[in-house]
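Got some structures for you, see below.
Next come two complexes, and both contain chain A; in the first it sits with chain B, in the second with chain C.
Take a look at the complex of A and B:
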């Protein structure tokens, strides 16, 4: 490499150095530390004590860990399809080129601009069994609404519905995916006698599948990491974190509780790595399955 | 240019060295904000006036206090002195130092408060302030239904009768609300019946949580909710804005809580004289017991300025909370200061000071650092099972015992 190229390379590295250092020191460093902690007993005050794979063995016989996996994956199964469907539906509506399109797009996007704590507090009131808007509307329809956040069977659906309200960014991604489909396909389908449903089912959906794939993968990863809603909104009933009756004991909530409330930082690190491994495996599974339903068009 | 930078850096380092030379800087952390913080600042200033050469840097951590202190301990540079309440957790792990080895006079502080600072026979904190559990009642609700105000020598049967009398579902008024905190509310009721939640040495629930005495105490309360329908269950309380809001607006006649309700009223410019305070009722054949809520000033083991920190703790113990009491912010920890300031004449404040004499001396969470992890959550779940799941009290409590035993093995 000649002198100029070398100098340019050096300048490049110097430019990214602050960001790179930040990444290494504040993200990669701690992540490596948690790997070390997961093999130790660490109560935050005394130095960590190496205990081998004990933390991981403990996970197998811990009923609360099993509960946390059940809660987390129930939520994933409820919220990912719901959010994806709602986002797609809204994107299709916006794709109709109606008047005031930009206004609607903004309105649908606003919920995701709110800080999650703000929307959590808002939804606590919406879900209030006595005075909340949701049960009020249900009452008008003659239905006795459930106790939502205070009922172990309804709290996860409640979170899933709240998640579906928050689909702004996903909707925009679907909209972009729709815009990317060449109009010729729809035109050809119409010429061949396809109605709106046929066009959707046989043209739109398959051509949208790369986008759908992206949305499903990222939503799944995000759903497994849910923390803010259960932290702020969980705790109905007498118990604190994870209430009522551990129905909101998401994996991240459980590991936070173990680390910061019970001083078991080593165990918490082990939990976080097991959950991370699950996320990686699920994502790989998603990729493997993708060849059956994702069609990448050749331009 | 380079030379100038080097000179500047050296100068800054040198100057900071000069200010540190003659003085000791103590870092003191508190979770207080606004008015509470102000009174702590005043007290610290008085200390500094009497101790030139020591500078106190007060750090107020309003959010995530526990997490911040824990991470600072993990990082090896905690504040020298900090406010804490869950002493066993840190004492057990060597995060805070026992104070009995230093020349601090604890006699000035009420004995019940010192008892809560003791873990494994050693005392770990200088009490900053405290609250006792009492019954606050809304006089207007009592007047409305023509029920006389309760008196300090009332019994559980009187309490139950009054609660039922004051419950009017058609007007959405409850006599009282279900006790909100398993740790801070149930031990006292169990002890009044001769039971307790956990073994004295803190090792097991078995034989204690499921003892007939404890079961009857817990059943007294769950019956108020499920049978008499006179105590609002937690979900109703939450949906009505919380127990303080309910008491202030007259949706509930009485609640069990501590000193903080007075601050709640003042912040909303409500008239405190519309409310009264009475000590907890005692069982027919038993004595009253009440829990407290305490906070302590503790000394970090990793502190590098221990001598100065001990001077501060000594001064705080001698002061007995006078500054904050004079400001009307909190109760003094010294009974003598309470007398001096005429607090025994105050109809509300006097109750809390009187309640010190019937305080639970060794609450469950001070008997073992594993209370939160291996015990409390199962009791909380059991209470949910009874109230939400409709399970019988004895069955739910036995379940909690079982779960706790399993968790301890893990």
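Take a look at the complex of A and C:
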């Protein structure tokens, strides 16, 4: 018997071996390497040279890095609440036992199926200040539309609006969260005389808060890592990285520029570490704040 | 009696409002597709017409052929197909295999090691991007397809998680019965567990297909010469050259989206199921 168990254990290790190797080669190894390289100067041609904490010192006095953090956080603050609210609103509408649920769900989901480059191309055209559909519709409503992707003040809101078009998976997660709430709670509230708003505010929102929390955490992490939109769409897609006027210089764009355009691999490693640390801190902050608004039902 | 009727009427009124709202929202979500499609059929002059026409004067379907002949799309298509096929193959060979080990076989440290795998899901892609690049450069793999599919042969944390859940739903007595009948563990995996997990395996395959087909940053960093570009990179380069030729850009953007849209319709239920699990874990 013991021999059989030993054999099973051995086979177990063999089965998970590819996974562990992958972990080591593509995760743990690279993570250790970025730590090492962040203390070095390395341009891929000359051998790496140890320079102590110089990369980090340079980071803290680099105005472009400061700009990249400002851009990234502005975008997080704009896009996370907007996308979360839109996804929740769509999920709530679909939750009303509507006929044709599958059709509506597909329609709201399908933008999320497109390759990100395709969405980017379509939206550059939609946002075109002169000939784009969005400014045309605004004009019909009597509003003079902004220059969107060409305007440093409007480019991030433009990305956030586009992000609200791309909320398929979040909407599905909310819908699943809603379906997990026992219907008796709403029925009891109705019997007690609660109107629709009360039911939403005092039953749905608290009971849904664990789902909302998950959505806020994952979409914050996602928003910090935004790459394709600024890379492809900034300045209408023809102004170079960070266009217009560094208003789309997201952290990951700056990392890409330092690493793969200027080949400052050491400096780029340092950036990646600071950004990763920020992601971890922000996630911890989210967890700390969750005490005040997330309710886990006692079961 | 009267209040009952009033209540029903009010309910009906709200229901109608709800459907009106849903239809308006659906229209808003579909407008970008519609706009891209009509643009793709206009002639060059009509694109810059103001006010814009919702429907073109004549439907120029030849735009698609013209756009197609302007760029080596066939090469890009071939590259996309090769990379996607190998990546999906690698995922399907590795992830269920590893998941089976975690779900069915018993060995010391199983929980801790599985936790380690889950932990890697939290690590941002960009954290490891630079050392990955250096690793592949050392191997001489830059400007080849290898960086884009070889890692998939070592499993993917989320898929391992998904498939492990599935395997754990199968009673262990099945494994023990097959053992008593003298089947080897590998045989049990391949002939019993893998076929049983077919729905989950197909889900994983579809999700991986959609991810790799649409991937932008991977090809951007690891591929250099245009003859190695994928469709996604090809569209990006095409956009750089013909940035005012919106009829051609919209045409190719729509064509590139056809495979993921088809796969979405085939696997809709499964994709939604997979996302639901990710949200409730």
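Just so it is clear, the second predicted complex is superposed on the first by the 293 of 299 C-alpha atoms of A that agree within 3 Å, B and C clash if a C-alpha of one lies under 4 Å from a C-alpha of the other, contacts with A are read in each partner's own complex, and residues count from 1 in each chain.
Keep in mind that, in the parts below, contacts are C-beta pairs under 8 Å (C-beta built on N, C-alpha and C of every residue); 3 or more make two chains touch, one makes a residue touch a chain.
Since we're looking at a predicted model, the values are computed, not measured.
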| item | value |
| --- | --- |
| Partner chain in contact with A:130 - chain B first, chain C second, else both or neither | both |
| Partner chain(s) touched by A:260 [first = chain B, second = chain C, both, neither] | both |
| When both partners are placed on the shared chain, which of chain B and chain C touches more of chain A | C |
| Chain B versus chain C as contact partner of A:8, first or second or both or neither | second |
| Partner chain in contact with A:115 - chain B first, chain C second, else both or neither | second |
| Chain B versus chain C as contact partner of A:204, first or second or both or neither | neither |
| Partner chain(s) touched by A:72 [first = chain B, second = chain C, both, neither] | neither |
| Touched partner set for A:166, first chain B, second chain C, both or neither | neither |
| First, second, both or neither for A:220, with chain B first and chain C second | neither |
| Partner chain in contact with A:22 - chain B first, chain C second, else both or neither | second |
| Common ground on chain A, meaning residues reached by chain C in one complex and by chain B in the other | 44, 130-131, 237-238, 260, 265 |
| Chain B residues touching chain A - in the complex, by the definition given at the top | 66-67, 70-71, 73-74, 89-90, 93-95, 178, 180, 182, 234-236, 238-240, 369, 372-373, 377, 380-381, 383-385, 387-389, 406, 410 |
| For the chain A and chain C complex, residues of the former touching the latter | 5, 8-16, 18-23, 25-27, 29-31, 33-34, 37, 44, 90, 93-94, 96, 98, 104-111, 113-119, 121-123, 125-126, 130-131, 133, 136, 165, 169, 172-173, 176-177, 180, 211, 214-215, 221, 224-225, 227-228, 231-232, 237-238, 252, 255, 259-260, 265, 268-269, 272-273, 275-276, 279 |
| Chain A-facing residues of chain C, complex | 18-19, 21-22, 25-26, 29-33, 35-36, 39, 47-52, 94, 97-98, 100-102, 105-108, 110, 113, 116-117, 120, 123-135, 137, 151, 153-155, 160, 185, 189, 210, 213-214, 216-217, 220-221, 232, 235-236, 239-240, 243, 246, 249-250, 253-254, 256-257, 260-261, 264, 268, 272, 275-276, 278-280 |
| For the chain A and chain B complex, residues of the former touching the latter | 43-46, 58, 61-63, 128-132, 147, 150-152, 236-240, 242-246, 260-265 |
